[in-house]
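Before anything else, here's the structure in question.
Which chain is which? They are A, B, C, D and E, in the order written, and residues in each are numbered from 1.
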Amino acid sequence: MVARKKLGGALGEMFKTAMQRPVTESYPFGRKVVAERFRGRLDIDPVKCTGCSICEIVCPAGVITMVPVGMKTIGSRQVEVKRPSFELYTCISCGQCVDDCRFGALTLTHDFELAVFHKESLVMKKALVVDK
Amino acid sequence: MTPVQVAELLLFPGLTFFVCLAFLFEWLERKTAARMQGRLGPVVTGPFGILQPVADFFKLASKEEIVPSESDPFVLRWGPALYFAAPAMGIAFIPVIGYQSVIYHPLDLLFMLFVLAFSTLMASLLGYASAGRYATIAMGRLVVQYTSYGVPLLISIVTPAVLAGSLSLQGVAEAQGPVWYVFLAPVAFAVFILSSLAELEKPPFDIPSASTEIVGGWMTEFSGNALAYVKLTKNLSYVFLSALAVTLFLGGAGGPVLSTNQVLQAFAFTCYFLVKLFAVGFLIFAIKTGLARIRIDQAAKVFWTIITPLSLAQLAVAILLR
Amino acid sequence: MSDETGEERKEAGAGLMQYSPEGMMPFGPVHPSLKEPEYFKLILEGEKIVQVIPRIGYVHRGIERAAQERTWVKNIYLFERICGICSFAHSISYTQAVEAISPFEVPDRARYIRLVVAELERIHSHLLWLGLVGHWAGFDTLFMWVWKDREHVLDLEEEITGNRVHKSYSTFGGVRKDLPDNIGEKAKAELGYIEKRATYYKDLVQSEETLAVRTRGVGRITQETARKLSPVGPLLRCTGIGRDVRVEDPYAAYDEVRPEVQTSKDGDIASLLVLRLDEVLDSCRMVKEALEKIPAGPVKAAFPRTVHEGESSFHVEAPRGELFYFVKSAGGSVPERVKIRTPTMANLLTATEMLKGQTLADVPVVLTGMDPCFGCMDRVSVFDVAKSKGWSVSGEELREYGIEYYRRKRG
Amino acid sequence: MADFRTGLTQWARKRSIWVFHVNAASCNGCDIEILAALTPRYDAERLGVELVPSPRHADVLLVTGTLNPLMRDRLKTVYEQIPEPRHVVAIGACALGGGVMKDCYNVGHGIDSAIPVDLYIPGCPPRPEAIIYGILKLVTGIPDPIITGEANVG
Amino acid sequence: MRQTSADLLSKLADKLGGTLRDGPKSTVITVTPDKAPEACIAVSSLSGLYHLSTITGIDLGDEIEILYHFWEGKRFVIVRTDVPKSVPRIRSVADAMPSATLYEAEVQDLLGVAFDGNPYTGRRLLLPDDYPAEAPPPLRKDADPEKIRKMMKLE
């Protein structure tokens, strides 16, 4: 196919585009509905979490640290009870922990408005409180 | 000078009016480009984002000014003001309310040529003084580009003067009562618009300020106040060149006389002028939005081998028509 | 006339000559485009480039080393993040390399899904690249349009995988989730739109004069050079050598949904533009075909957490060409060694070859033309070695130059 | 008069945000999304955001990537070239804390070790809306969300 | 495309005093370090095998294994050689096969194997110029990422 040479070949398309409605979405003035599978911020259900540490083992970004929250007696033994704490600022939302948590405690929400002024605001310690 | 004249010079239809127009032009430019690209463009600053350029200006003006250590602080300080002066002087000669301009001189067309050359000279001086590496490359390109579009620009300005037999803007505008020169000398008009694109550093001739090749061109090292004024000056030049095109080719502020009332008629003339001004401005945005940048050697070639001969031919035709 | 412009060009170049070799660019423009910070030293004679010395490593992170300390699964996420443009190519290359060690049969449906997402990624990547060429050629309108259209592909990708950029979708034994319901219709509609636009762009890049003069005959490479320097992907195919991993060494479902290899003879940037748009059209066709042919069944089979002892070389055709993985396993829970050779690395030498003889103004177009990863002028330092005129390309001299350069730098 | 001037300045600074982008050893993912935020679908120019080619023209520095040693000094240079008042926005898990590359030998743990950061936008990569939200947050100062659980409050 | 026959390759291996192992996806020719460049040039001049995919270096403990991957059709032909860690040195093939230049430079940078005659000798390609001299090349087994990060003041 040999195309004709022309100057300003884009002009026609330009005016056509100008007549159409802009494709710009209304966010941040309107709400944004993201795709069903969108992987946003990680969330934990503290009630379901048993402190099994699998998520800590599988996380590729080292987001999760297990923090001791108390002692528990199983049979005759005293065991340390741990709960995960999440440094969400390095979380890559890959969902590996969600897949591997056998108790369904973890979910990826659709939340993406996460900008913060202090990094510490993104440390999720939700699971640490409930057990006390 | 009478106080009325001073007021005219500073307020309407002088500096203030044209500075407002300059802001408006930038807004329009951004908005139309956005729409043509399928976007919205500025919306939050003022109604429809109309105050966006104003916000940009005041923000820049309030910022710290960094003077690079190798640069010439004197030129950097006073250069932008002089640079601003070039189009600011030029606009005073443009007749807006009817055929009467604020300042008049029988040879003011020649002064326009001086203004155009002066603003390029100031730009290269500023680029040189800031001593940035990119600025220096940009300066080289600016000079090359100027030498190639200077001649056709000059010829295309002289053509209407020849047709009108006058070397004053008022004379040229008045002579277009019966028929606008854009119809008599369409080639000269086209050449003028193309050369204006080069003078304004807009695509396809935005070579001296090609942001993807040499960063900000000769403006790379500017910041704060100086940058604010340099940007404003570029927009003012934009308005100035469009106004010049209106005066030289589109019959200035001329148009049907609607009323005998002096004030009302002045208002009508101003409206005619503005409509034509925006039409020319719009033509320039459309061209610049739809084209890619070409290379400096290609630009020089286009100007020397195509545009200059064309404009010469047009001049010859104009002399014959005369 | 032409003499005059020649004179002027020299003048313009004269400005550059004032810079001493020590005059490295300041940090300069870190450009908004998504280039990686690479650094080319351009050696000029006037405005003409006579030699180019690349220095990479501005984005070196040490991924290969870290991989040796992480489990097999964690590495999927790590490798994918080598790059945000061909992220999925990285993950399928790695997962398939590991599956080849075992050896392990992946369910058919998963193979098809991998193909679909890989082709979607190719479309998005090529469009991204086209926009950048427009941008670097000073044609911002084209950039905006193309990126506007690219969003349609990203929507599809997000719908299928859950993320626009890092898909985290391929895993050992298949993919992590099945395709969403009725993706077929949606894909057909969106791809129809992309096809329409790609056809228009193909016409535009050939007909628009200002773009054509910037790209035609610029950055030309010949077949001989290509054979010598082993570039990959479109850069190789634009010289007329029709090599494509998808055809020669099919992986995923490429033996059932076959691509048509696009080639071109000119070997310049203009031909790359057309070639890549042809590939976009072909990919659209393949995605549609694959979605029709796709068999039902599971999308993931259970894969053991440790991998057999063994090694495997695997490559896939990423949007920019052959992406090579070498995986060595000692049978543990972590890999012994993973070697990655990205397309850009293979194309780098060719890019320097393409730059030679061009003028400074062509640099961004040529670099982008080859690959957006190097579409960056950020750290191009410009200096002139007028004395060493007529430099040949021999490695020896290049080395000498390097040594001399470093000696001078130390002072 | 002075009040008017400061008012004007504040108004202007909120509405005109010129950004300069530095890729400090990132994977391109975040960079694409920054660029995408300027393209028609998201069009950050609505809010007065403009990408500028020189740090001297910028108000806000967007930094992505893991900050390897080669880029660290250069990042500092760019930072110094930006005229006051200036803000730094770190974008992406890598720029916030190393992200998935945390334990590679050639990466830093967040760009706040090199230059002061005003705003953090997490994500890998954050979607363009998240970047737009971040810039909006930077100029309006919406307080941080509480996602940390009650333990963090007060 | 016809593939280079295994016969041809095994003859080549014999001539160089090396051994040949044929797998489903790859054919490996193992030679001594001094013969490796010769082997590479010989392989690359076989008609279909001009494409050098990459060069891999692997730290095996006492030796560093270097692999040259050539691609043809459905398989790779790999030239393999072991360089002793005590004298990590090998001749470069960059002048006969320019495509090897950067791959060699990469191995040189990350594993500390000197390629005599490579234009990047003595220069860094990937690592920062001030990479700590006392630290081993990063892909060696004895290199500790943590320590390197400390030395480069990344913490």
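In this text, a residue touches a chain if its C-beta (ideal position, glycine included) is under 8 Å from a C-beta of that chain, and two chains touch if they have at least 3 such contacts.
Just so it is clear, the model here is predicted, and its values are computed rather than measured.
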Neighbouring chains common to subunit A and subunit C, by label: B, D
Innermost chain by mean C-alpha position: C
Centroid comparison with subunit A (C-alpha atoms), farthest chain: B
Centroid comparison with subunit C (C-alpha atoms), farthest chain: B
Pair with more cross-chain C-beta pairs in contact, given A-B and B-D: B-D
Chain centre separation in whole Å, for subunit C relative to subunit B (CA means): 42
Geometric centre distance via CA averages, subunit D-subunit A, whole Å: 19
Gap in Å, rounded to a whole number, between the CA centres of subunit E and subunit C: 23
Averaged-CA centre spacing for the pair subunit E and subunit B, given as whole angstrom: 61
Multi-partner residues of subunit A (at least 2 other chains): 7-8, 10, 14, 17, 22-24, 34, 60-61, 92-94
Touching two or more other chains - residues of subunit C: 26, 29, 31, 33, 57, 60, 62, 65-66, 69, 77-78, 81, 141-142, 144-145, 148, 151, 166, 208, 210
For subunit B, residues that touch 2 or more chains besides their own: 34, 36-40, 212, 215, 289-291
Inter-chain touch pairs (all): A-B, A-C, A-D, B-C, B-D, C-D, C-E, D-E
Partner subunit D, residues of subunit C touching it in the complex: 26-27, 29-37, 57-63, 65-66, 69, 77-78, 81-85, 87, 128, 143-145, 147-148, 151, 164-166, 373
Of subunit D, residues touching subunit C in the complex: 20-36, 38-41, 51, 53-55, 65-66, 68, 70-71, 74, 77-78, 81, 99-101, 103-107, 124-125, 127
In the complex, subunit B residues that touch subunit A: 32, 34-40, 286-287, 289-291
In the complex with subunit C, residue positions of subunit A that touch it: 1, 3-10, 13-14, 17, 23, 34-39, 58-61, 92-96, 99
Complex interface listing, subunit E residues touching subunit C: 1, 25-26, 50-54, 56-59, 67, 69, 71, 73-76, 78, 94-95, 97-99, 101-103, 106, 110, 117-128, 138-139, 143, 145
